[in-house]
Amino acid sequence: MRPAAGGRRRREISLLPNHVILILLWIFAVGPLVVLAFNSVKKTAELGRNPLGFPRDIVLGNFAKAWEVGNFSTTTRNSGILVAGTVAGVLILGGMAAYSLSKLNLPGSGPLTLYLLVGTSLPIQLFLVPLFFTWKRLGLVNSLFGLILIYIAINSPFAIFLLRSYMIQLPSDFEDAARVDGASEWQVFSRIVVPLSWPGFLTVGLVVALSVWNEFLLATVFLTDQNLFTVVTSYANFATRFGRDWTLTSAAAVMMVVPVIVIFLSLQRRFVEGLTQGGLKG
Amino acid sequence: MRMRSFLKVAAVAAVALLAPAAPLLGGAPAARAQDTTKLTMWLDTTGGAETADCIRANAIDPFNALGKGISVEATMLANNWDATRTALAGGGGPDIVGTPGPSFAMQLALAGQLADLTGYADKLGWNERFSKGSLNIGMGADGKLYSLPTEVETLVLYYNTNVFKEHGWEPPKTLDEFMALVKQVKEAGLIPLAGGNAEWRPTNEWFVGEFLNHYAGPQKVYDALTGKAQWTDPEFAAAMEMLAQLQKDGDFMGGLDRYYTATDAERLSAFGDGKAAMNIEGSWFVSNAPLYFGEAAGNDDDWGWVPMPSKDGSAIYDLGVGQTYSVNAKSANPDAAAAFLDFYYSPATMARLLSECGLMPAPMSLEGQDLSKVDPRLSEIIAGLDKAYAENNYGYTTWTFWPPATETYLIENVEKVWSGDMSVADYLAGMQKQFDTDKAAGAVPPIPAR
Amino acid sequence: MSASIDLPRVSAAEAASARRRALFRRKVVPWLFVVPVLLLNVMVVAGPAIAAVYYSMTDWNGVGPAKWVGLANFQELAADPSFRHAFRNNVAWLLMFLTVPIALSLGAASLLAPIRRGGMVYRMGIFIPYVLPSVITANLWRALLSPDRGIPAALTSLGVPGFDRAFLGAPNTVLPTIAFVDNWHWWGFLMVLFLAAMQNIPADLYESARLDGASRWQEFRDITIPGIRPTLVFMILMTAIWSFLTFDYIWILTQGGPAGASEVLSVLVFKQAFQAFRAGYASAIGLTMSILVGIIIGLFGILRRRGWEI
């Protein structure tokens, strides 16, 4: 009814309030991080007098010192292995389960869903000791692999449900066509459903990676060999009560966060590619 | 056919998943050479990475260099106590077990997780080396020795000397003088006490313990701990009312909300910069003071100290033990572990840790050791505590002598007293109830006879 | 005769094998996809959790042998005012997290969805707080909220009234303040999830709605919300579950204080298990938490089966 040109003009004009609100939200999100970055290059004495503002003298030595004290070269490697192993495991195993729940009419899916959700609701402190007991006997304490297994188990329920919610939205035409052509369920899963739910996998991978990168309690309890410490464990060594050097702590925090932001940035591009390649953009 | 291809892919996935296992599992301790006895030990991070390094350099490396065929591997653990408890309960843990205090060690001993050290104490002369009666603190209900006290602590009243000079104030001796001075400080527009618990919630118990001991007197606390008196005693009630009054008046950092949010850096800067006049804190304050006083902090203030005022003005020092070490009951090398403890708890090592790392020594005489690098004020505090201990005029810190569940109750609920949600009478009645439960369970640490 | 018997036999066998294959594909193959992750989950979560059920009926101190006490822990819990208080705080937390972040992220995502140029910059910035570990976020905001050095101090000195107070130190503001900090970290993640789901909505639906003269609100209500319903429903459910588990921020910022004003169930579990040496009692609290969550999930399921559009 409305002329197309008018419609287009209306959309262009109406995007301005979007930008205004989004800029405010953006400042709310990023502002505190800017303060953190400022504090990481301040001198300790300046921080006390100027906790929020731009640094007067920029001291980059905080980073070198934090790198050395925090033993970041080792801890980054360990955290990297934990993240890679867990993400791979969760995506493969969780993706399979999500496929079964969303596309294969899994008999008994109700009780399974309930089990996984209730399992998610158990506070970890509750089963820490029995779990340690089991892992000790299996020789999986002080082993990155042992911790990866725990992380996969703990992170997969969320992954399964989120992936399921993506897969359920996929139209089943492609799958049905493939099945008629004689494809096995594994082939349908790996060649059709996985590529189509690529953004979902990416999101899950990101969420799992972050939760592993930032996990503290299990990492400190299951890895007590200092060659196996993670980034967060060694960060906690900075954040001790007394004589805390906030500039050093901030520098360590910045170093922890920067690699994650870089990875996220590079994934963002893939994220958009995934959307377009999936052919789902209407 | 379909099935087979599915299985193949799954198998590949499983192998890919398991692949990193081999090298990582191969790195397990079993593969190490057997000619030296390896001992593991986990260090707390409460003192920061530098303190842990200092302990390594002054206590652990020298021991390893002795050539006894024993090598202690000390790891700094961010979450040491949680990790230790979980590991012990799960059948693992380090050979040398550290705890945050004797009442915690006692729980481990009750659970059979700690080795009996009585024989080593006899053989290695620990009974003579440690101050008289101090090893009793580490004994279980069965009269056996399970833990050794590491850092002796006490709380005193620190004051900013410049502020006091400027206003012509004198450090108080009695609690009445103290309360009057608090009022004067406030009238002068300053914060009376630089106390805050934002980063260490158990800070609450420092003050509860000080007022119980210094108002009602250590003898009464001893009676309550040994069951001869009740926590509901009117003297204790009056002590808690006095503390609650201070909190309600905002004498700690200027208001209860500030007390709950002041970080250590904030409250100690206020103290060092002369915005706050006094500070009730443990002897650990001394090693942090240089950060907030003098040149490094950008002021020309300094601090002095007096014993925490008491009702009758006598000098009472509350005894605390900051850390204990024991031997894991499951350790394969208890003899080697005891040999390390023997070295660690020698006057020479204790003197080095005190001089180099600012760590308070175990209860033993350091006579003849070189203590020239120690802040003379800290030496005075230690001497004061020693004297009080010898003269039986010492009090009891809550974290050393209260059973853990009662201690938790005390820390949690005193805030309700301060906010007015709980009466002092109810607070103390609840404390007595929890204490009775703990006593029945045998969780009250042994109290050395006065 | 023999031939006529033989023929049906062959076809029956074929049919049976086809049926078996179909049955296999329908009933067994779906489970093959689930079994690996399920086994791992049972080993890590269910096995130890069964041990926790046992411990909840003992006086276990967390390190040693346990003595059977039957239901005594649950009886104590029923009469424990701090349990009820913590439970109320969990409910308050749940209500805050079911409303504020979900509304905020839905709004932001729908504002962001139509933006082509620069959308990435917004998305990046808004998402970034989510990558910070809770230790860093909490300590950063503790400094930012300091009444003497942080944002409130700056606002006070500019003459803005109402900010000269310690938000984390007063019983009536502490819980919303911690929720605010947690939410600062959390809502950007929700927004990215919703945004990803919105981008799966075919654009022609919006085009035709515009041609029909639908307002922005109508578009949002009739196209966007139904289009992302699986993700939305799922996140509401997860929010409900996580609200009962919330621990990190409260533990780091206040440990449940002042005067218990920010105490929640998980903090209670931690204190009982790790500080007071009452692991048996802590297990009882933890199990009760899980039962409560189970009830929430059950209610959710019932509502959905009754056809509620949630």
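So that you can tell them apart, the chains are marked A, B and C in the order they are listed, and the count of residues begins at 1 in each.
Here is the rule we go by: a residue touches a chain if its C-beta (ideal position, glycine included) is under 8 Å from a C-beta of that chain, and two chains touch if they have at least 3 such contacts.
Nothing here was measured: the structure is a model prediction, and the numbers come from that model.
Judged by contacting C-beta pairs, the busier of the interfaces B-C and A-B is A-B. Averaging Cα atoms per chain gives one point for each, and the point farthest from that of chain A is the centre of B. Centre-to-centre spacing of chain A and chain C amounts to 15 Å, using the average Cα coordinate of each chain.
Inter-chain spacing, taken between the CA centroids of chain A and chain B, is 37 Å.
Touching of two or more other chains is recorded for residues 29, 36, 62, 146, 149, 274 of chain C. The set of chain B residues touching two or more other chains comprises 6, 10, 82, 89. With touch defined as above, residues shared between interfaces to two or more other chains in chain A number as follows: 128-130, 185, 216, 236, 246. Against chain C, in their complex, chain A makes its touches with residues 1-2, 7, 11, 14-15, 18-19, 21-22, 25-26, 28-30, 32-33, 35-36, 51-52, 93-94, 96-97, 99-101, 104-107, 110, 112, 114-123, 125-131, 134, 149-150, 152-154, 156-158, 160-162, 165-166, 168-169, 185, 189, 199-200, 203, 207, 210, 213-214, 216, 232, 235-236, 239, 246, 249, 253, 256-257, 260-261, 264-265, 268, 271-272, 275, 280-282.
Residues of chain B touching chain A in their complex: 1-3, 5-6, 9-10, 13, 16-18, 20-21, 24-25, 27-29, 42, 45-50, 75-79, 82-83, 86-87, 89-92, 94, 199-200, 264-265, 269, 284, 287-288, 291, 296-298. Remark: chain C residues 29, 32, 36, 59, 61-65, 142, 145-149, 165-166, 168-171, 254-260, 271, 274-278 touch chain B in the complex.
Contact residues on chain B toward chain C in their complex (touch as defined above): 6, 10, 14, 81-82, 85, 88-89, 107-108, 110-113, 197-198, 201, 255-261, 263, 266, 404-405, 407-409, 412, 415-416, 418-419, 421, 441, 443. Across the complex, chain B is touched by residues 45, 48, 69, 81, 85, 88-89, 92, 128-130, 132-133, 135-137, 139, 141-145, 148, 184-187, 190, 216-217, 220-221, 224-227, 233-234, 236-238, 240-244, 246 of chain A.
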